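Everything below concerns the one structure shown next.
By letter and in written order, the chains are A, B, C and D; residue numbering begins at 1 in each of them.
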Amino acid sequence: MTPLQEYLALSMALFFIGTWGVVARRNIILVVMCIELMLNAINIALVAFSNYSPIGGGRGEVFVFFVFALAAAEAAIGLAIAIAMYRLKEKLSVDDLDEMKG
Amino acid sequence: MMKTAVLLIPLLPLASFIITGLFGKRYFKEKSQYLSVAAVAVSWLLSIYLIIQVERGEELSWQVYSWIAAGKFKVDIGFLVDQLTAVMLLVVSTVGFMVHVYSIGYMKGDGGYYRFFAYLNLFMFSMFMLILGNNFLMLYVFWEAVGLCSYLLISFWYTKQSAANAGTKAFLVNRVGDFGFGLGIMLIFVTLGTLSYSGVFENAGRIGSGTITAICLLLFMGAMGKSAQFPLHVWLPDAMEGPTPVSSLIHAATMVNAGVYMVARSSPLFHQSHTAMFVVALVGTFTAIFAASIGLVQNDIKKVLAYSTVSQLGYMFAALGVGAWAAGMFHLVAHGFFKGLLFLCSGSVIHAVSGEQDMRKMGGLKNKIKITYWTFVIGALAISGFPGLAGFWSKDSVLAGAFNGGYWYFWLVGLIAAFMTAFYMFRLIFMTFHGKPRDVELYSHAHESPRSMTIPLIVLAIPSVLIGLVLGLPPEDGHIDRFLEPVFEAVKGEAHHFGALDVGLMALSAGIGLAGIFLAWVFYIKRPELPEKAGAHVGVLYKAALNKYWIDEIYFALFINPVRALGRGLWRWVDVGIIDGFVNGSARFFRGVGMVLRPAQSGKIQAYMFSMLLGLLALLLVYLALTI
Amino acid sequence: MGDFNQFFFILLSVVILVSAACVVLFKNLIYSALSMIGSFLGVAGIYILLHAELVAAAQVLIYVGAISVLVIFAIMLTHHRTGDLSLYFHKQAWIALPVCAVAGITLMVIMGSAAYNAVGEAQNPTDENIASLLFNEYAFPFELVSLALLVAMIGAVILAKKEKS
Amino acid sequence: MYEFQEQIGFPILTVITFLPALGGLAVLFARGKPNVYKGITLAVTGVNFLLSLVLIQYFDRYTATMQFVEKVPWISSLGISYHMAVDGISVLLIMLTTLLSLIIVPASWNYIKDRELQFFAAFLFLETGLIGVFCARDLFMFYVFWEVMLIPMYFIIGVWGGPRRIYAAIKFFLFTFAGSLLMLIAIVAIAYLARSNPFATPVFDMDLLENATFSYQVQVLAFLAFFIAFAVKVPMWPLHTWLPDAHVEAPTAGSVILAGVMLKVGGYGMLRLCIPLFPDAVVAIAPYILVLSIIAIVYGALVSLVQKDLKKLVAYSSVSHMGFVTAGIFALNIVGIEGGIMVMFSHGLLTGALFLMVGFLYERLHTREISEMGGLAGPFPVMAAFFSFFALASLGLPGLSGFVGEFLSLVGLFTYSKPMAAVASIGIILAAAYLLWMYQRVMFTGLRDQKWYKVPDYSLREIVSLAPLGILAVWAGVYPNTFLQLIQPPAARLTEKMAPYMAESGSVVERIFASLGGLF
């Protein structure tokens, strides 16, 4: 039986790979992809907790479904932004999106 | 019946005020006087009825309704009719009625004709309520209300800067007095838990000696304001800016007596505090001579009378202060009649010379305006203490009271003031009516006033002559003493027997008065060059008196200007400078911090993300450090 | 059984982490996208190991089926099969790498050392369980999420549609 | 849990609170039809005023218990309920609110030039917030209404104000909001501290909170937080500087509501929350508050004296008058509390009227500089009459409403400390000074410009707006018992609640003043 800690370690590793991707890559589509990886990492943790918890009863899974839905929404919006931005600026670098600068 | 009368006396003028005030401008116009005069006339008749009832021994104490009830603080609107009330009512309603009649002629053609009568009615209402009230709070309330009427009537000709100033000044100085009065009332309430006259006077003995002195002095502060006693006398001379009937009614015969009435009414309280009584007498006596000395040199006919009023009010307080309660009230009644008369006469003079008030421009008017002249002389004789006339008896009873009470110093000062009074009154008469006309232009246009003005003069001249005989004989046990005895029973000193010494005193005061008249005759008829010489001789004193001892200037320098400067300073420095400076400064501080931190908001999402990552790392390390 | 489980766990972990690393490291976005699909599939395997078959199925459907396709479409629509060099790595990437590593390891240490009130045998909630939770206790958030999806849909349409010039 | 007090047959408090908001929504749909939305506003405020009269009619004025109770659980997991009820103080202030709201509709009939529709809508929402604050018996609701009140007022100043309106609106907002935040913290804190055990739901219901006891430290801190929030609204010195700016910039209707009702919310909050919830702290801190109140009385009057702008003068006079409110309330005896409430009521009438008149004056002269006026009694006799009436009432002329309240609160203060009352009384002298001096400079002396004779005097509309205030001012001066009866039972209840704590030793300042008091 794999202990809970190992699942959490996997989740952690995946999460920080995703995080590094978000911080390190300039391409907006790749950033969106890395965010999806981070969400996946969280989902692993949720399901693992749910499974090992005496009072879980499927609650973790329910949250996973919520995350799915929001991830889908986020991907749709993020990619739509990417397309709109490409159309507008012919570029896909995140750094070009600095209109909100103070 | 008595209740109805008591209700109607104030309510008729009130109703007339409301109707005239609301509809006068549009509907009544030049006919505004009918309703007003009729209302006051009925009140006058009812007052006479009341005094007859009181004379028969009827009294009335009547709670009409509960006015303020907050916790233990309960005050009713209620009426109290006793001898003191009746006497005051009679003076007020008689002079008031005469002044109303007089105003018909005096104010004819004025743009604010209806307004004038409306205000007069409001004043009559307030004054009646002041007298009729049965508790201290009502006294205070209508005390302020008469002050309001005084304000409105002084600044009646509001387009004149001086009139507007005088009105504001009168109200403010009175407010200073009322400050004390109000605190006195609060102290009474806190000490005794009630404000009704009966409740307070019954328990007056229970009050501690320090507290009662405080109460009396605070109340007297109010009286000083209303009755224009030094140092709060400054408003009364300025109040002469108002129309002359107002000066006569409010600033001579009625409202200014409210202070005297209040002290007389509170006699059970004052009686308990020797200190307070002495202060009352001291202030009264000082004011009497102080104001008389200013009156000696004034050139404005109304100003002379105004200072004379201040001085005579001082007499009344002196009388009350030395314990001669009935004498004080006697002088109040007599003074009410003859000073009202004098003011109305001066109004008639001013009317005759088309508004000129400077006596230096008059002279020789006695042939032109005979009725005015003779009534004026009667009034002047009365106030100067000419034997037999009202002022003689009343003033003598005041002086005798002081002398017999052991206050010979007050008596002496009073005697000197009486001399001055006689002098300045006849200075006024000689300058105005005798000699050669100084301004021919004015003289040639001078004319006698209409009948509506002269009749009140004649009517008022009658009590000025007779009231002393009717009320004051025999001295110290006259009708008025006996009539007022129930009111002052509790506070009466030991009985005093009228003897040879008193006759001597009477002769002395009569002689002093005649001496004053004679000196005035010497100065202004016999040898008209003397006044200037004398003035030059006592240059500083003359200048000081002419400038009213610079009291106004001192107040400006000591109070008014500093207060304004303080207000300006607080506003500019504390409000705008410190508080707003702090508020705006903190706003600027945060804006500055924002400016410093602004570059961090680069708009680069990945930079934000990285800083979040660093933050997360820091938090994790802290957690690790704490747990391990 | 236990060893079998453990074997598959390690296998899947390697797949997931390696393909995740590939996602970040590949220059070519298409390769990245394909690695991402591998990673998603690995995660689905993990779900099966955790007896969450419903979630695994949904993972395959939504991530592998929908989101990946969406990403590939986006890549193709923007004509960036290779992407120019300037788009490759951010200048902060090499500082961020150790930071991420340290943060990840720290978190692992913290979580690994924590005492969990875990039951030995993995629980096995039924799909019925999940459904009843979703539509009873979490009905309100569920509705909110659907609203969010609707909004996202409308937003995406508006953003992506050609502007009327 | 559900509770309705069948006093009148329908939930009158809910209706009276939310009717204006509904009216506000309706107004928003009447775009472009000025007569329709003005009509709606007038009708709604009119009906609301009538409802408030019905409320007073059915109100049992001989009991201190809360009446017209409406209670429905709202967010039960947090112990929040929809709980409305009123006592005499609330009823009086609700009546004042509805009256002033009704009056300013005709008064601003032609005053607003731009975005008139939004103005009337904002104004109706404001009325809901104000009445809600007076009705709420649940702290959470109280806070919600408190903030609801803030926002429309912010817009009324910021959109329809004068040239410096943005500065004034932000200043107003920040002052008030800083106070509100402190209050929010305190609300949450006491709601959680009042629980019987750590697992119970928090307590937001005022009925329950009044019976809860807090430790001394909690009382002091929570009291100060609440007090600062209310003191900003009152406003007490030195938190008052938003007031002159807000008044000067606000449109007439805004000033009237601001001075007439919003300032009272502060005093009301002190009575409703500060005193009954934290009696221990009140007794300890009251002397300091009294000192601040007295400073406010004298300071406000002194600063009024030198103002050049008519509206600013009236604004500073509010600071002075509201000093009497706090002075009366924190004298902590029944006379003082009733006096404080009476001052609130009368100040609402009189300052409301004064601001209206300044507005009317401005419409004619297009200036508020006192130095540019003078002699206006000539061309505008009716205006002068009204002006003098309200100025005199405001300076505390007996027989009008101002006197009763001021005198009672001074008596209350006098009972507490004689020297304090003596200093506060100076404010009465100064009030006469600044008001009469102002009146003299505006209405008396020579007219500057003959052209004012061509400008019409008060129209019927203006007279009708002012007359009710005048009538009430006379009523409250001649027969104040009508109003005192309403507030007597709640005031008595407050003092009963305070009584056990009053015996405990006072504070430093009180001792200092007590030693000065030995002079008397």
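The rule is simple: a contact is a pair of C-beta atoms (placed from the backbone, for glycine too) under 8 Å apart; a residue touches a chain by one contact, two chains touch by 3 or more.
Model, not experiment: these values are computed from the prediction.
For the interfaces B-D and B-C, the C-beta contact count is higher for B-D. Core chain by CA centroid proximity to the global CA centroid: D.
The distance from the centre of chain A to the centre of chain D, each centre being the mean of the chain's C-alpha atoms, comes to 54 Å.
Averaged C-alpha coordinates put the centre of chain B at 37 Å from the centre of chain D. Each chain gets one centre point, the mean of its Cα atoms, and the points for chain C and chain D are 58 Å apart.
Separating the CA-averaged centres of chain B and chain C is a span of 94 Å. Touching of two or more other chains is recorded for residues 90, 92, 96, 100, 103, 107 of chain C. For chain B, residues touching at least two other chains, in rising order: 606, 610, 613. Multi-chain contact residues of chain D, defined as those touching 2 or more other chains: none present. Contacts between chains, counted with the stated touch criterion, involve the pairs A-B, A-C, B-C, B-D.
Here chain D touches chain B in the complex through residues 171, 174-175, 238, 240-241, 244, 299, 302-307, 333-335, 338-339, 375, 377-378, 381, 388, 392, 397-399, 403-404, 407-408, 410-411, 414-415, 418, 421-422, 425-426, 428-430, 432-433, 436-437, 440, 443-447, 478-481, 484-485, 488, 491-492, 495, 520, going by the rule given at the top. Listing the residues of chain C that touch chain B in their complex gives 90, 92, 95-96, 99-100, 102-103, 106-107, 109-110.
Residue ranges of chain B in contact with chain C, taken from their complex: 606-607, 610, 613-614, 616-617, 620-621, 623-624, 627.
Taken in their complex, chain B has these residues touching chain D: 25, 65-73, 137, 140-142, 144-145, 148, 151-152, 155, 158-161, 163-165, 167-168, 171-172, 175-176, 178-179, 182-183, 186-187, 189-190, 210-211, 214, 563-564, 566-568, 570-571, 574-575, 579-580, 583, 587. Of all the residues in chain A, the ones that touch chain C in their complex are 1-2, 4-10, 12-21, 23-27, 29-30, 32-34, 36-37, 40, 43-44, 47-48, 50-54, 56-59, 61-62, 64-66, 68-77, 79-84, 86-87, 92-93, 95.
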